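Both complexes shown next keep subunit A, but they swap its partner, so subunit B is in the first and subunit C is in the second.
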Partner chain A sequence: MNSLSFMMTLPEVILALGALALLMVSAYAGDRAASFVIGATVALFVAAAVSLIGPAGSGGVAFGGLYRADGFAAFAKLLIYIASAISVIAAHGYFSRLGTLRCEYPILILLSATGMGMMVSAADLLTLYVGLELQSLAAYVLASFLRRDTRAAEAGLKYFVLGALASGILLYGISLLYGFTGTTSFEGIAHALAVPPASTGIATARLFGLVFVFVGLAFKISAVPFHMWTPDVYEGAPTPVTAFFASAPKVAAMGLLVRVAVSALGTETHAWQQIVIFSALASTILGGVAAIGQSNIKRLLAYSSINNVGFALIGLAAGTADGVAAVMTYMTVYVAMTLGSFLCVLQMRDAAGNPVETIASLSGLSRTRPGLAAALAIFMFSLAGIPPLFGFWPKFLVFDAAVGAHLTWLAAVGIATSVIGAFYYLKIVKTMYFDEPAPAYAPSQSAVEGGLIALTALFVSPLGYFAIPALGAASLAAAKALF
Partner chain B sequence: MIKLIVFLPLLAAIVAGLGNRSIGNTAAKLVTTGALFVACALSWPIFVGFLTGSREAFVEPVLTFIRSGDLNVDWALRVDALTAVMLVVVTTVSALVHLYSWGYMAEDDSQPRFFAYLSLFTFAMLMLVTSDNLVQMFFGWEGVGLASYLLIGFWYYKPSANAAAIKAFVVNRVGDFGFSLGIFGVFLVFGTVSIPAILAAAPGMAGSTIGFLGHRVDTMTLLCLLLFIGAMGKSAQLGLHTWLPDAMEGPTPVSALIHAATMVTAGVFMVCRLSPLFETSHVALGVVTFIGAATCLFAATVGTVQNDIKRVIAYSTCSQLGYMFFAAGVGAYGAAMFHLFTHAFFKALLFLGAGSVIHAMHHEQDMRYYGALRKHIPITFWAMTAGTLAITGVGIIDVFGFAGFYSKDAILEAAYASGGGGRIAFIVGIFVALLTSFYSWRLVFLTFFGKARWAGSEHIQHAVHDAHGHGHDHGHDHAHAHDAHHDAHPDAEGAGSEPHAHDPGVEQVKHGTAGYHPHESPWTMLVPLGVLTLGAIFAGYIFSPYFVGAETGGAFWKGSIAFNEHLMHAMHGVPLWVKLAPAAVMLTGLAIAWWGYIADTGMPARFTSTFQLLYKFLLNKWYFDELYHAVFVVPAFAIGRFLWKRGDQGTIDRFGPDGAAALVSAGGVLTRKLQSGYVYTYALVMLLGLAGAATWAMAS
Partner chain C sequence: MNQLGFPVLSLMLAVPFAAAIACLFSSAQTARWLALAATLVDLLLGILLWINYDLAGPQWQFTEHVDLFGRFAWALGIDGIALMLIMLSVFLMPICIAASWEAIQKRVPEYMAAFLLMETLMIGVFTAQDLFLFYIMFEAGLIPMYLIIGIWGGARRIYASYKFFLYTLLGSVLMLVAMLWMVREAGTTDIPTLMNYDFPVHAQTWLFLAFFASFAVKMPMWPVHTWLPDAHVEAPTAGSVILAGVLLKMGGYGFIRFSLPMFPEASAQLMWLVFGLSMVAVVYTSLVALVQEDMKKLIAYSSVAHMAFVTIGLFAFNRQGIEGGLMVMLGHGLVSGALFLCVGVIYDRLHTREIARYGGLSNNMPKYALFFLLFTMASVGLPGTSNFVGEFLSLVGAYHASSWVAFVATTGVILGAAYMLYLYRRVAYGEAPNAEVASLPDLSARELAIMVPLALSVLWMGVYPESFLAPMRRDVGSLLARIERANPGGDAKIAFGHRPAPAAHEGAH
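What follows is the complex of A and B.
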C-alpha cells in the first residue's frame, strides 16, 4: 500500500469519490439537480479517462497484486467510459420526457462504471468478484429504474435472480480454483496450473473450477446458452439503460473474460477453448436465428448483441495475441454500432411523444425521416458486416485470427452464420426504404442526440477505415499486455 | 484529333444518356447530333489525306489496358487507309442518321435514350475500326452488339421487339464465341494480340499444325475459321443470319445505321484487317468464298418474296454482305471494302427512304398496301430510285455509273479472274445480280407505281379514323401498340413468320386510298436522303480508282490490307462478256419486275400458285428458323426446363437456400418457444449449459 497504488487506481478513485459526492448533492438538492448531476457525471468520466494517461494506464501491479493497471485495462476503460458517458447523455431527453429525470440514474452508472473498471483491471479473483458485483448490483437497479413500469420491474427482477444464480456459479468456481491451487491471484493460479496435478481428482476439480468461472462470466456477456435473460431485460429496461447494458458492461465482461482466460488460465487453453468455440458458434447461430421473428426493435437488438458476442468470442477462441487484439477491435466497433442503433431507437417516438418499439413503425422511415433512416441503415449494414462499412473490418479480423490459429473451419462456419444475421438487419433496411410509410415519428428535440448519432454513424461508415492504423496499434498493444 | 473523333460520341452518349429527361429532348438531340457532325467533319480530311497520299498510317496511344505476364494490351487508336474508309463511312452515315431521327423519332417519348444509344453505338463502332489489337477490337465488337441489342429492343413494350433483340444477342454470342476462341488461339500461337505483330508473324506460321479437339489441324486454317465464325455472326452470314431480318423490329434509322451501313459490315472489315492472316490459309479463304456466295444467293432468293418493305431491304443487305465476303474470299479485299463503302451509302439511303415511306404511310410496312406513292412523296421516290439504280448497278462501262455499278462489277470480275472456286462464285453472283434487280425494282414498283391499295391497311384505317377528331400526324403510339399484335412475329423463331402464310397477292388487296393523304417527310429527314443520294450516285465513280485501281489501289491502301495487284490487273482484263453480263441480268431483272408488277399484276399470283412448293420454301426463308427451332431452341428449352424444375428448384433450392431458410425459420420458432418468459426455464437452460460444459470439458 502506497501512494503509487492510489495513483494507479485513480480512475476508480475519481469515479467512486465523485459518485459519493454527487449522491450527497442529490440528497440535498433533489431531482432539480438532475441536469447538473448528469453534466458532472460526464465530466467525471472525462476526468477518469484523462487520468489513464498517468500510471493508471501503464503502472503495473497495485495493492499487493490485487489490481493491475496495464494497456489492456486502459483500452477497455476508455471504451467503457465513453460508452457510459454516451448512455448518460442519451438518457437526459428520454427521462425528462417521461418526467422521471432523477439524480440516481447517472450516479448508478458511475458506480457501475467503477465496478467495470475494477473488472478489467482485476489481477485477483477477489477483485474480479467485487468489481463484478459492484457493476451488477448497480445494473439490477438500473434495469428496474422506472419502477412503476411493470415491464421494467419484471426485467429488474429477472436480471437479479438469474444474475444471482450466475454469481453463485462464479463464486463456486472461484472457491474451487482457490481450493485446488491455493491462491486467488491470477499469476499464482497460472503457476499452479502449470504444475501437473497430483491426482485425477485434483485435475477434475480444477477443471470444474475453470468451467464454473467461465460459465459465470459467460452469463455477463450473454453468450449462449447463458443468454436467456438478455431479450427480456433488454426489452423491459428503459431504452437508455438497454443502450448502456448492451455497450459498457459487455466490454467490461468481455475484457474480464479475456484476462482470466489468458492471464490465469492461459496454460489450460485446451480446456476452455472448446467451451468458447461452442459458445461462440451457438451465439452466432442463435443470435441470428432467434432474431428473425422479432417484432420489437429492442428485442431484436438484444439478439443482435448475442450474435456479436459470438463473433467476438471467435477471436478469443484463437487464443493468440492477434485474436485478443481482434476482440478488442471488435468490441470498439460493436459499441459504436450498438450505441448508434439504440440512439436511433431513442428517436422512435409517436406523435404524442411516447416511445415506440415496434419494427413495423419504422416502415417508410426513409420518406418521413430520411436522415434517421440513413443512419439506422448504416448501423444495420455495419452490424451485418457488409463492406465497405466499418462493421466488416472487425469481423474480418476475428476470422483472420481464427485462421491464423488453425481454426479455419471455425472461421468458415462463422462466415456462414453471419449470413443469417444479415437477413434480419437487411429486413429493417427494407422496411425503412421500401415499405409504405407508417405514421411519422415526433421530430427530434435534441441536437446532442442527433450529433451523437451522426458521430457514431461516421465512425462505422467507410470513413472508419481511417481509424484502422490507430485502432489496430492500440488493440495490439492492449493484447500484448496480457501475453 | 482521332481521339476527338472516337470519344466525342461517347461523351455525347454519356451526356444524353445520363442527362436523359432532365436535360430534355432538344438538348440531348443537339449534343449527340452535334458531336457526330464534328466527328464527321474531322474524319473526311483524314480520308482525303489518304486519298491524296499526303497522310501516313499512325497509331495514337490512349491508355494502358492490361499488363499481365506476356499479355500486353493497350488502348490505342490505329489510323491507316482501311480505318480511314471506315471512319468516313461510320461518322457520315451516323451523323445523317442522327439528323434523320430528329424527324423520324419526333413523336417518341424517350428520345434522349434513343440518341444516347445511337451515339454509344457510334463510339463502339469507332473503337472497333481503330483498334490496334484484337482485344480492343473485341471490346468494340461487343460494344456494337450491346448497342444493337438496346436499339432493336428500343420499343421494349413490344414483345416482338424484345424477342428480336434477344435473338440478335444470342445468335451473336455464337459468333462471338468463335471470335474469342480465335483471339485465344492467336495469343497461344503468336504470343501477342497486337494486330501488326500478328500480321507480320503470320506467313512464318503457314503450314504448321496445332492440336484442336483431339486432332492435328492446320494452325492458320483453324485460327482464320474461328475468327471468321465471329465475322459470320456479326455480318449475318448463312447459318448465323437469322437475327438480321428480325432486327428490323428496331426503329428504321437504327436499321439504316447498324443493320445496313456499319455494324453488319464489321465482319467484312475484320476479314480485311486480318487479310494477311487469311492469305496464309487457302482452305479458310475457300470457306469464306463459299459462305459468302451461299449467303448472297440465299438472301436474294428470300428477298424476292418478302412483303415487308424493311425485310426486303434487310435480306438485300444480307445478300450484299455475301458479295463482300466472297470478294474477300477470292483475295479482292479492295473490292470488298469498296462494296462496303458504296453499299453503306445506297443501303442507308434505301433504308432511310423506306423509313420516309413508312412515316408517310403511318407505320404501314407491308408493300401490298402501298402503291401510287410516286406523286405524293416525290422526293422520297427519287431518292429511292437513285438507291435502286445504285444497288442494281446501273452504268455504262468507261462512261459513268451509279455506285453499285463499280463495286459490284469489280467483285464479279475479280471472282471470275481469280479462277477456280471464284468462277462458281462468279456464276452465283451473276444470278444474284438478276435477283437483286428483280426484288429492288419490285419494291419500287409496288411502292410507288400502280394503283393505291391503302384501304386494306389497318394502320391507314386507324390514321384516317383518328384524323377525324385529331391532328393529322397523330396516332404514333397507337400504331406501336397495334404493331405488337398485328404485323409483328410473336415468336422470334417464327413459323411462317409472314402475316399471311398464303399470300393474297397484290391483286386481292382492297384498292383505294380510304381517304388518306400521305405527306412528304420533314426536312430533317429529306436532307440525309439528299446527301446519301449524292453518295449513291457518285461514290463509285469518284473512288473506284483508289479502291480497286490496279496501280492506284496499292498506293492508296499502303499495305493496310493484302492488296493483290496481280488480281486487280487480271480483273481489268477479263473478257468483255464478263463485264457486260451484270448489266444484262440487271436489265432482265428489271424487265421481269416490270412485267409482274406493272404490266400484268396477276402474274405473280399465277406464278406462286404454279410453284407452290418453291414459293413456300422461299417465303419461309429456306426453313432456317424452323430448323434452328427444332434443333437448338426446343432441346435448349427442354434442358433448361429440366435444370430449372429438377436441378435448381428440386435439388439445389430444396436442399440449399430454401432448405436452409426453412431450417432457420423453424429454429426461430423453436427458440421463441424456449424463450418462455419464465425465470425457472431460463435458470434451467443455464444449469443445463453448465452441466453440458462441465461434461464436455471432462470428456475431452
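What follows is the complex of A and C.
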C-alpha cells in the first residue's frame, strides 16, 4: 500500500528530490551552474508532468486519506507545471541582464510547485495547510529575490506579513471545523456536516469555521476584499516572479478552494455560495474600476488578475460539475493570457536595457515593434473577453454554468461588469496603436522569449477554439472527479 | 453539399481573411491591390451566390455544417434576406477599398487588413446558422472597427472609438446571457431550429429585452444612438461607409432573425416600445440633423432617422411593413454609403467637413453635383430611387398597424427632405465662399468609378425593386406565418369593395 502511495505522489517526489539535488549542485558549483539548474528544473517539470500518466493521475486516495491523486489534481498539476516551467525559462534572460542570475530562483520555484501539487491533491486539512505553507514560504523568498532592490524587499515583507495573517485566519478556521466535526479529512467533514447540527450555537460555529477557511483561501487567490496585497507585491517583485505569482499559485489556490468547497463543504453549498457570489462580483467590479487609474503595467495586470479571479469564482458559485469544469478551463486560458502578457512586459526595456514598467512607454509600440504590439493587443482583447479571441471562451463557460445553476441574474450582472474591465484593456491597445511613438524599446535578444510569446498568443488567438473539444472533455473529467 | 458543389460560404469568408493576413506582410501598394482583388473576388462569389440562389428551393441554402468546436458548430447557410445583405456587403467593400486608395497614406497594410477582416466578420454575421457562431462574429466586428476609427480617424478619434466599443459591447453582452439561457432551454444552438421554438411567454419578455439591448444599440435607436454621430464623424470615409452601409444593418437583421421569430409574443407586447422610440427618433433626430454644421454628422443623424423607418416597418407585423423595412435597410445601405463617399470626395480636397466652408460646387464640379443630387434625392425618398420603395412600403405597413405611428413617421419624410435639400443647397448652389473652393477639381476617373455603380444600383432598386424583393419574399412569408399568432392587429381597419350606403346615396338626390 505504501509503495502505491509513493507512486501516487510521484510528481511531488520528483520535484522535491530534484530540488534537493539541485540545491547541492548549486552549493558546490555556485551561480556558474545557474543555466544548468534552469535547464534541469524544466526537465524536472517535464518528468513530473509525464509521471501524471501513471497512478499519480488517477490512483485515488493515498497515505490513509491524506492525499488524493485524481483527474482534478492531475489537470491542475499539469497546468501548474507548465506555468512554472515558463516562469523559469522567462527568468533566465531577465536575471542575467541584471547580473543576478542565481541558482536559487529555479529551486525555489521547484519547491513552491511541490507545495502547489500538495495543495491541489489535498484530501485533508493537514495536507492542505502543509502544501499551502510550502508554496507560500518559497513565494515570500521569491518576492524579495532582488534583495538589494528596496521595492522587492518591501514586496516580500508585505507578502509575508499579510500571507502569515491569512494563514493564521485559515488555521483558525481549520481548527473550528476540526473542533465541530471531529475530523480533518475532507470526506469526514462532509459526512459530519451532513448531520443537522444539534443546536443553533453549533450551526453558527460551523459557519464561522467555514467563513474563516474561505477568507484564508480568498487571500491566496487575491479575491476582493482580500486582494490588497496583490498590486503592491506584483509591482515590487521582479517581473518573472510576478509572472509566476499571477499564474501557477493562482491555479493551485483556485484548485484548492474548489476542492475544499466541493469535497469538504459540498453539503454546505448554500452557506458558501453567497460568500463566493459576493467575492466574485466585488472582484470583477473592483478589479475593473481600480485598474483604470493605473499607470504601471504590472499594477494594471495585478488588478486584471483580481478581475479574472472574480469571473472564475462565478463558475464556482454555480456549484455544479459544469461550473467546476468552467473554472478549470478559465484558469487554463487565464494562465496563457497572463503569462503571455508578462512575457511582453519582460520585453519592455529601454535602450540601456533597464526594465520599464510605465504604460506610457508603450506609446506607438505598433510602429516600433509591430509584432510585440500585436501580441500584447491579442492578450488585452483576450483578457477583456472579446470574441473571437480565446479569452472569450472561459467567460462564456462560467456564465453558462451560472445560467445552468439558475443564477441567471449573476451571469447578467457579471457579464455587465466585464465591460468595465474592457475599458482599461482597451486603454493599453489605444496606447500602443493610436498614440504617437515613444522611444523604442531595446530589441529582443532571446528567441526563446519571442517563441513563448508567439506560442501563447497563438493559443489565445481564434486558433484556440480548435482546442475546445479536448479542453472541454479534460476539464469535465477533472470536475467529475470531485462530484 | 449545396447546389454549387463546393463550400462557397466558407470560401467567401476565407478569401478576405487570407488576404487580410497577407496584407499585414506586404507593402502599401501591394496591400491596396491585394485588398481590391480579394474584395472583387468576394463580389464575384456573391454574384455567383445570387445567380444560383434557388427561389423555389429550400429556405436555407448553401448550408454547411461541421462540428468543430464541441459546444457549437461551424454552421453556415443563407436565406434570401441574408443573401441580400451579403450582396450589400460585398458590393460596398471594393468601393470602400477604392475610396481609401489615396485618402489613406499612413499604415496602409494594417488598414487594408482591418477592412478585409471586417468583411469576413460581416459575411460571417449574415451567414452564421449557429447561435454562438453568430455571437462571435457579431462581437468580433468591434475589434477591427475600433482600430479603424482609432488609428485612421479624425481629431477626436480616441473618444469616438471608446464610445463605439463600450456602447456596443455593453449592449451585446446581455444578449449573450439570453443566448445561454435559450440554448439550455431549447437544447440546440441551431438558429433555424430556434426560430421555430416556442419559448415560454413569460421568459420571452426578458429574452426580447436582452436582444433588444444589443440590436437597439447597433441599429441605433433613440436614445442609445449617441455613439453613432461621434463614430461617423471621426471615422475615415470608408469606415463611415461600412458603418452606415452594413454594420447598422446588423441590428435590423438581428430583429428579423432573432427577436421577431423567436419571441413573437414579446415582440407584440413590446411593439409600443419599439414604435415609441422609433417615432421619437424620426422626429427628433431629423430636427437635430437640420441644425448640424458638420456634413458627416448631418448624414449620421439622418441615418438614425432612416433606421427608425426600418424598426417601424419590421414591427408592423405585416408583409408591407417587413418588406419595406428590409428595402429601407438595403436602400439606406447604398445611399448613406454614397453620401459619405460624396462627403469624402470634397473632404479629400479641402480637408474640412464644415458645411459653411463650401458653396457653389455645382459650378466647378458639375459631375460631382449631379451624383450628389441623385443621392440626396434618394435619401429624401424620391420615387424612382431606392429609398422610396422601402419607405413607402414600411409606411403602408405602419398604417395597418397603427395610424398614429404612420402619421408621425410620415413627417420624417418631410423633415428628411428639408434637411437634405438644405444641405445640398448650401454645398452645391450659391456662390463659392472663396477662390479655393471655386477652383476645386471635379471627380477623377477613380471617383467616377466609385460613384457610377452606386448610382446605377440606387436607380435599379428604385425602378425595379422586384429583383431584390423576389429572393426575400418567401422568407418574409414564413416569418409572417410564424408571428401571425401574436399579431395585435391595427387600428386602421381597411375594408375593400364596400359601396357607400344606398340611403346616403339616395339622400343626395
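Here are a few things to note about the model shown:
Following the convention adopted for this analysis, the second predicted complex is superposed on the first by the 482 of 483 C-alpha atoms of A that agree within 3 Å, B and C clash if a C-alpha of one lies under 4 Å from a C-alpha of the other, contacts with A are read in each partner's own complex, and residues count from 1 in each chain.
Everything below uses one rule, namely that a residue touches a chain if its C-beta (ideal position, glycine included) is under 8 Å from a C-beta of that chain, and two chains touch if they have at least 3 such contacts.
In this text, all values refer to a predicted model and were calculated from it rather than measured experimentally.
By the touch criterion defined above, A:162 lies against subunit B but remains apart from subunit C after alignment on the C-alpha atoms of chain A.
By the document's definition of touching, of the two partners only subunit B reaches A:228; subunit C does not.
Of the two partner chains placed by superposition, A:439 touches none, neither subunit B nor subunit C. With both structures placed on the common chain, the touch criterion links A:353 to neither subunit B nor subunit C.
Within the superposed three-chain model, A:396 lies in touch with subunit C and out of touch with subunit B [touch as defined at top].
In the superposition on chain A, A:182 contacts neither subunit B nor subunit C. Under the contact criterion defined above, the residues of subunit A that touch both subunit B in one complex and subunit C in the other are 423. Chain contact summary for the complex, subunit C toward subunit A: residues 68-71, 107, 110, 132, 135-137, 139-140, 142-143, 146-147, 150-151, 157-158, 161-162, 165-166, 169-170, 173-174, 176-177, 180-181, 184, 210.
Of all residues in subunit A, those touching subunit C in their complex are 366-367, 381, 386-388, 392, 396, 399-400, 403-404, 408, 411-412, 415-416, 418-419, 422-423, 426, 429-430, 433-434, 465-466, 468-469, 472-473. Those residues of subunit A lying in contact with subunit B across their complex are 157-158, 161-162, 165-166, 169, 204, 207-208, 210-212, 214-215, 219, 224-226, 228-229, 231-232, 270-272, 274-275, 278, 285-286, 288-293, 420, 423.
Only residues 664-665, 667-669, 671-672, 674-675, 677, 679, 681-683, 685-686, 688-690, 692-694, 696-698, 700 of subunit B touch subunit A when the two sit together in their complex.
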